[in-house]
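One structure follows; several queries about it will come next.
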Amino acid sequence: MEPIAQCFTLARKELLLQWRTRARFGSVLVFGVTALLIFSFAVGPDSTALKAHASGYLWLALLLMSTLSLQESARLDVQNGALEALVLLPVDGRALYYAKALVNTITLGTLGTLLVPIVAVLYDASAKEGVGLLVLSVWLGAAALVAPGTLYAVLTSRARAGDVMLPLLLFPLVVPALLGSVKATEVIMLGDPMGRVYSWLGLVIAFDAIYWSLCGLLYPLLLED
Amino acid sequence: MPRKTTIIGILGILLYIVGCYDGLLVAPADRFMGDIQRIMYVHVPCAWNTLVCFTISLVAALGWLLSGARARAEGRAWKWDELLEATTEIGVVLGAFLVVQGMLWAKPTWGVYWTWDPRLTTVAVMELMFVAVLALRGFVDEPVRRATWSAVVTLVAYVNVPLVYFSVKWWASLHQVQSSPSTVDPAMVLPLRINAFAVLFMSIGLMGLRTQLARRQRQALLGESDSDSTASSGGAA
Amino acid sequence: MLTARDLCKRHGAFWALRSVTIDIVGGTTTMLFGDNGAGKTTLVRLLASAASPTGGSISWFGSAEPARARIAMLSHADGHYDDLSAMEHLNMAESLLPRVGPGAPPRRSPAQLLEDVGLSARSGSLVRTYSAGMRKRLAFARLLQKNADLILLDEPYSALDPNGALLVDRLLGELHSLGRTVIVSTHQVERTAKHADNAIHLSGGRVIWTGLASDAPARVVAAEPG
Amino acid sequence: MTGVMQGHFDTVLWVYGLTTAGLLGYFATLLLRLRASKAPTSGQTRVSAQNPEKTS
């Protein structure tokens, strides 16, 4: 069974697992909303400042949620040695990676999309350049967090102090994608007279391209015992 | 008999003394920035050598990942892992100096300790990424797994450095133009070059010591004595 | 079929296996026995290519590369997803496994496998709700699904009730009659000996005796208990 | 040593001092750590790292 077909079977399994553990998805979403609320308390009720930095808060919340959902999806595999059982089946390491990264992106992208209306309400933000573009920037940024995140999660879920290690490894790495996403979302929300949104999105897409390919190559190396 | 890397290290220290003397007292002050510009003679060499160290870490990571099962089984591959641990730590130490120097330079020049200057911000992010590699090594006990995992993370982090630089450059250039020293007077190039080699030689000396320390720690962890794996990785650097 | 030369494996400073050399003939059932910490599980994992040796070499079916499609392992960790059902596990594996070659025996369907291990009644409920014995039965089903030529069982009798143990007896007998090569590590020496051709006694990471399985129980009784 | 921004020589000294202290300090810590991790006793038979049964 060549890797592509294996990848779809594994993706189906991942989606089924995410559906079965959707209670956790809900709690991560509530966590995201709580984070958004707390940012406003941290900044103060000055609505113009909140509105100006709404995209920053959205991405901060997404970043914090990403570690939670990435860690959980890795834990499901490591628990009971399920990942090893698949590796010995044998299943191609890259198929394992892309299936998991794909479903992690769907999860994080959905979480991000659900946060958008909440950001709109809390910070009186609106998408001047269109909601479609805003959701696209959310999904591109989510994919950028997930590519290295999935690679690191399979590693930190088996290391001591893994829950500290994942953000410690992931956050500095995703700085370029974070800058691109925050700026892209910002100009989408506040208006983009000079049309710079595509250059920012281009930065995020470049990050995606590099890490979706590199991490796919490196993931199988982490499966060897 | 001190190993050849230690000799190079001592040579580096001597060169460093000469370079600093020249930079502090002999080279002419910069017409606009005055004496503060002399910080360049330690700042720029540290910057170059930080990148050199992390580049060697990349090579060491690739060396380990591409080493065949036979090389690993016979212990020849450990020298890559030791080199990675050494150069990553030295790179992080030099990077820390860079950040401190950058801040001490920024305060008198721009009145704030931290400007979002793309170079300095890239160094800070690079520092965090490679500190995370060292932290990861601290949390994994099994040597083979630790070697493979840190090699993978080093690869992923290194690829990110140019990306961070350009994205921060775009992101910061919206606020203020990037500052760089005025035209470099030839008399200023000499101390810069001396110190560049001085810090490089010192780094090599440090690598010699640090790889040996890494090997000893691994052997202590594995409870083995001075086994055949050391014969093959004698003078490591 | 399966040979290992000077196999060594260390975890930190502890040598789990000290230069073990074994030669397994195709179609035979070999029993590994010895106290806890003798290195049985480590040896099983190395032979199943679930771990790589610190020293020494293994050759599976004549090649240094493990043909994992032809090797199946039952390990302590059952490898299940708590949030999937037995049927879902087998259906997933069915679509992941390579298509059966022209000459090879056809694979049993998930339903048939669940029938054979006595799990058809609960095949739809999540593994989370299964008892230890039921989880083991699912592990057997997943193991049998592959029709592997080399089968490694790490203490198959553990966590099983009496009729579960009967199931293992039937399984060992069936694999033997199918001419599969089986390596089973166990503490139930007497019971397993009935199904095994020869045996290897491990202690302190070394092979201290090899011989016919029928002679094995005597060694265990002779050795002072504990 | 003329220069528009006079009087920053002390900052320069600080930077040079800290960098030198850092470099020499790092050298010193490595030497100390090496001495602390005493060289393996060469008296022991040289056990192979790959196989405890074989002395290399």
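Note that the chains are named A, B, C and D in the order they appear, and that numbering of residues resets to 1 at the start of each chain.
FYI, a residue touches a chain if its C-beta (ideal position, glycine included) is under 8 Å from a C-beta of that chain, and two chains touch if they have at least 3 such contacts.
Everything numeric here is computed off the predicted structure, so don't read it as measured data.
Centrality by C-alpha centroid: the chain sitting nearest the overall protein C-alpha mean is A.
Placing every chain at the mean of its C-alpha atoms, the farthest one from chain B is found to be C. Per-pair tallies of C-beta contacts place B-D first.
Per-chain CA centroids place chain A at a distance of 40 Å from chain D.
Chain B and chain D, compared by their mean Cα positions, are separated by 13 Å. Separating the CA-averaged centres of chain A and chain B is a span of 31 Å.
Counting only residues that touch two or more partner chains, chain B has 73, 141, 222, 224.
Within chain A, the positions touching two or more other chains are listed as 224-225. Chain contacts: chain C has residues 10, 52, 54-55 touching two or more partner chains.
Every pair of chains meeting the touch criterion is listed here: A-B, A-C, B-C, B-D, C-D.
Chain D contributes residues 48-54 to its touches with chain C in the complex.
Those residues of chain B lying in contact with chain D across their complex are 9, 13, 16, 20, 23-24, 29-36, 38-39, 42-43, 46, 73-75, 90, 93, 96-97, 100-101, 104-105, 107-108, 199, 202, 205-206, 209-210, 212-213, 216-217, 219-220, 222, 224-229. Put simply, chain C touches chain D in their complex at residues 6, 8, 10, 15, 18-19, 54-56. Touching chain C in their complex are the following residues of chain A: 1, 5-6, 9-10, 12-13, 16-17, 20-21, 76, 79-82, 84-86, 88-91, 224-225.
Here chain C touches chain A in the complex through residues 45, 48-52, 68-69, 71-73, 75, 77-84, 88, 92-93, 95-99, 126, 142, 146, going by the rule given at the top.
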